[in-house]
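Structures for review follow.
Shared chain: chain A. Partners: chain B in the first complex, chain C in the second.
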Partner chain A sequence: MALRLQALSKSYGGKTVIDALSLEATSGDIVTVFGPSGGGKTVLLRLIAGIEVPESGQVLIDGTDMTYATPDARGIGMAFQNYALFPHMSAYDNVASALTPRKLGESEIRSRVNHIVRLLKIDHVMGHKPRELSNGQKQRTALARALVGAPKILLLDDPLRNVDAKLRYEMRLELPVLLRKFGSTVLYVTQDYKEAMAIGNRIAVLIAGRIVQVATPSEIYDRPATVEVARLFGDPGINLFDVTPDTDGRVAIANAQLSIGAEFASAAGVPCVLGIRPDAITVSQTANGATFPVDVVAETPLNDRSVLLLRTADGKEVLAALPASAAGTTPIGAAHAAFASASALMFDRASGLSIARGARP
Partner chain B sequence: MSKFVTAADVLVIDKLNKVYGRPDKPIVHAVKDLSMTIRKGEIIALLGSSGCGKTSTLRMIAGLESVSSGSIQLAGNRIEALPPSKRGVAMAFEGYSLYPPLTVRDNIAFALKAQKLAASDASKRVIETARLVDIEGVLDRYPSSISGGQQQRASLARALVRKADLYLLDEPMGQLEPQLRAVLRGRIKSLLNDNAMTAIFVTHDQTEANALADRIAVMEGGVLQQFASQKDLKIKPSNLFVATFIGEPPMNVFDASLTRSGEGVSLALQDGPSISLPAGEVSPAVLNAIGSRHTITLGIRPQNVEVAHGGLKGIVTSNQWLGDQSHIAAEFAGKTIVAVTSARVAARPGAEMPLSFSAADMHLFDSETGAAIAHGREAA
Partner chain C sequence: MATPRDPGMDHTSTLEKVLRGVALTAIAVFFMFPIFWILLMSLQTNETILRIPPSIVFEPTLSNYTALISGKLTSAAGTLDIAFMHNLWNSILLSTLSVLLALLLGVPAAYAFARFKFRLGEFIAFTLLSFRFAPPLLVLLPLSLIFQYLGLADTYIGLIWVYQLIALPLILWIVRGYFEDISPDIEHAYRIAGHSWLNTFLRIAVPLARPGIAAAGLLAFIFCWNNFIFALILASADKQPVTVGALAFVTASGIQYGQIAAAIVLSVTPTLLLALYAQRYLVEGLSMGAVKG
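And then the complex of A and B:
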């Protein structure tokens, strides 16, 4: 195991920020750490880097206890959202600053730096000072500096936060491919769920100092462990209904009794939250046994879908995401909504934990 | 837009200019000869990146900024020389802040003063508007004790609660958490539409512009690039800037040459394959364009690139599933082509991937000026 965190805890002024957190990552793993702000993401990276020391628990790197080792003894590379480049040094010297001339010699340093900056496509700006670089070039220079020492563990703290949307998208496509070439174990903090899904082969969802779920992006999206995880993934976000399934697997939504399948009978009598993603909701002008009455309040087109805001008679707001081809086809006013129960997610209302789900996810 | 067929023009902007000239600083021509007409009940987005002139335009309409030249007519009256309070506009601006000594409730109610409503009616309107933007829980707090997002919504409520000829909103939902944003967009759009309120809002976020606006004014370098519905911006972008700015992820572009071959068209991509398009697939607009020019820039939106079947071949460089969409990048014609589909696609990096796109989804641009030549889905 390249990186093993065991029951790490850290608090500031009596407030627990990291709470008995355990996580493992193998060599070559790219784990994105995602969660709401204030959840402890940056503190977690600082504990691994050795900038902070935990109150309890261990940081093991390649099986060696590094909990109290100095940052430079850990074999870790880091890059931050604000780049943290030395303004008076050229881009080349910034990258080379991660290597010690005493150990390697000038020519070895030159060859390592050149190799990395060519891969990152910034070799042509190595003579420039940071202020002469675009944000994307600064970000790549910081990344090159983090990678040049061939770290076993690479920690990236929201590295795309300050680059514009177009470049962020390009980097989202390129970065995982690039990172795999280096073979480092990567922990990548982000506040954007799409970035978390695109870049990581696994996602660790960090909420209030605890890792609530670690799984592949598809698993997290389709089988969220808690209602909170379900809420954090998807745009527009998941619809949540308070329901109590009966023994036949039926639930009441907006005064309609909807049969959602026998797999939900296991939750009979339990106060639950039913989660339905907006793209699983359909709207039509005709009622049947599987629909509930709604008012179509507004249609707000998205880039490649169209979002309907629906309201039930009891004032509950529901979002439906239709394919772009259906844009403009639903009149404002009374209608009937249905959802594919195969994509339904059921959570225990008291604990928030997933207790049943439809056949598809 | 059927809802506006009979609607009267409410705002007429004619050759509006804004020039900032300060001693010892270069002159900035922030807004250049801007003309636009907005009908009663329309929701308009001014969309562009920072420095494009959108905020200067909004501030000139509001009266927070003087006009260098040109005219602004609102509900039949010339307003460009009037003070803000005499223009009949309601506004929510960053920096046009809430009154610190008043509670959120009193801040919103203050905007209703001029309307001389009965106290109970006014109080009901305040609560309804506060509920709309999800701040009814902080009505009795003071601005300094609520979050930035709540302040922004309180400011929005203060603008929306009153009657005005025009509502001017500056990045109205910039600070909202994503979970709330989609619902709030729907509520605000419904409020504006139900009451035939005319609104202009500034945003740098095209998702917000698409969601709310009937028409979007795309600005760049102080110049209005195109003023059209989101659908028309997608189908008929007027130039390469608009084409690559509108739509996420950005449109794929290739240098190419077009020639007629028999009844159809042959499209040769630079550093890439030649594609034969049968006559029936090519719109008259495209056919007409071929007569006069051959070297063009070809644009295809990622949503229009078909993967998993087709006669073209790319090498997959990445394949990312985002829960409801696949984003696939492939090496193609010496460049990267991006495809977006709602299907899960099994394709590993390094694998060969069949690709195709339909002639109806092609956009052709002049390679030198960037001006649109033809679009696959427009009538000739």
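And then the complex of A and C:
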């Protein structure tokens, strides 16, 4: 195991920021650490880097206990959110600084630096000081500095946060390819769920100092472990209904009794939260046993889809996402909505935990 | 963001320009006049200085400077040996070594106070600063007794030690502020790149705080240079700096204004040159755009 965190805990002034957190990553794994701000993502990276020391728990790198090792002894690379370039050194010296402690020859250092900066397309600015670089170039220089030593563990703290939208989209495509080339184990912190899904093999969802779920991007989206995780992924966000399934596998939404299939019959009588992704909701003008009445309030284009804002008779707002080809086909006013029961997610209302199909809560 | 300019700001009226010029000239004259007058005095003999009414028309002479440099003070009462050049040398020696020692001790200490939280840290830092508040005379009497006892009285080492009361708190507190302004992440990044703590201090923290270190060093140098009371009490003539040495011009046969003026010009020159040289470090900005603010 390239990186193993065991029951790490860290608090500041009595406030627990990292709470008995455990995580494992194999060599070459790219794990995106995603969660709301203040969830402890940056602190987690700092504990691994050795900038902070945990109150309890262990940081194992390649099986060696590095919990209390100094940052220079850990063989890691890290790119900071604010770049943290050395302002008095040229971009070249910034990148080379990760190699100079290794007693390599001048020409060896030069060739390694040149290789990485050419990959990142910043070879033309190597003579410049950081203040003369654009934000995108600063970010790439910081990335080059983190990568050039081919570290076992690479920590990237929201590296795309301060770059403009166009560059961010470019980098989202480029980064996974680049990172795979180096074979490092990557922990990539981000606050953007799309970035988390685009870059990571796996996503670790970090909420309030705890890892709530570690899974592949599609698993996280399709089978979120908690209602909170379901809420964090998806744009537009998931629709949540407070329901209590009956023994026939039916739930009441807006005075309509809708079947959600027999799989959730086990949850009968338990207060639950039903989650329906907006793209699983369809709107039509005809009512049947599987629809509930809604008012179509507004329609907005979003990315490649068209989003309808619906309101049920009891005042609840529901979002439906239609393919762009269906944009403008739904008249504003009274209509009927339905959802595919196969895509329904069910959570225990008290604990927020997911209820698997066919299982008891 | 392009802000629309206030049209009134673009066209400063001629009257405003003239008034501004006059005001600036008045201020410059007010502050520069004493220096200018001393420069004139240094080029005159005591007789022309003391004539009434004073005049700026005179025959310039370098006799004051030659007297100082040769160490022979010629007055109405005869020739007197003065050690002005030796005093000047003492000033340079004492101030330079004091500031170097204070930098050697103060810069690492400032870094420690800026970066690490430790028991009694703030208390120690404030105690060091409080030495600047206490009137020097308060400590001088016991200090002179202690120095006698330790054999430090009338030694350069003793004076340099006491001068730390002036230089060390100044350097500690100014440089500490500059260290605190450096993003800790810059240093973390260097550590993670594989460098030791000491190299991070020497290659990252110190170069980035250089403008602050230069400013603090210069200020400390000037404060040491201008100090009078420590050397007056704790040292004898051959260890004393110019500030104390200037007392020699108050002779039994009167005050040698011309020589005092020349002595002032000579004693101001080193600090002036140092200030001019250090100016480029002083104005060099600290934030160099590495950390997005």
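The criterion applied here is as follows: the second predicted complex is superposed on the first by the 353 of 361 C-alpha atoms of A that agree within 3 Å, B and C clash if a C-alpha of one lies under 4 Å from a C-alpha of the other, contacts with A are read in each partner's own complex, and residues count from 1 in each chain.
Note that a contact is a pair of C-beta atoms (placed from the backbone, for glycine too) under 8 Å apart; a residue touches a chain by one contact, two chains touch by 3 or more.
It should be emphasised that the depicted structure is a prediction, and the values quoted were computed from it without experimental measurement.
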item	value
Chain B versus chain C as contact partner of A:G149, first or second or both or neither	second
Touched partner set for A:L302, first chain B, second chain C, both or neither	first
Which superposed partner A:H88 touches (first chain B, second chain C, both, neither)	second
Partner chain in contact with A:R231 - chain B first, chain C second, else both or neither	first
Partner chain in contact with A:K15 - chain B first, chain C second, else both or neither	neither
Which partner reaches more residues of chain A (counting touched residues only), chain B or chain C	B
Partner chain(s) touched by A:S97 [first = chain B, second = chain C, both, neither]	second
Chain B versus chain C as contact partner of A:I76, first or second or both or neither	second
Touching partner for A:K181 - first (chain B), second (chain C), both, neither	neither
Shared chain A contacts, counted only where both chain B and chain C touch the same residue	none
Touch list for chain A against partner chain B, complex	164-166, 169, 172-174, 176-177, 194, 197-198, 217-218, 221-222, 231, 233-237, 277, 279, 297-304, 307-309, 317, 319, 321, 323-324, 327, 332
Complex contacts: residues of chain B adjacent to chain A	49, 178-179, 181-183, 185-187, 189-190, 193, 206-207, 210-212, 230-231, 247-250, 303, 317-318, 320-325, 327, 329, 336, 338, 340, 342, 349
Chain C - residues contacting chain A, complex	183, 185-186, 188-197, 199, 204, 207-208, 287-292
Interface residues, chain A side, partner chain C - complex	49-51, 70-72, 74, 76-78, 80, 82-88, 97-98, 100-102, 129-132, 135, 138, 142, 145, 149, 162
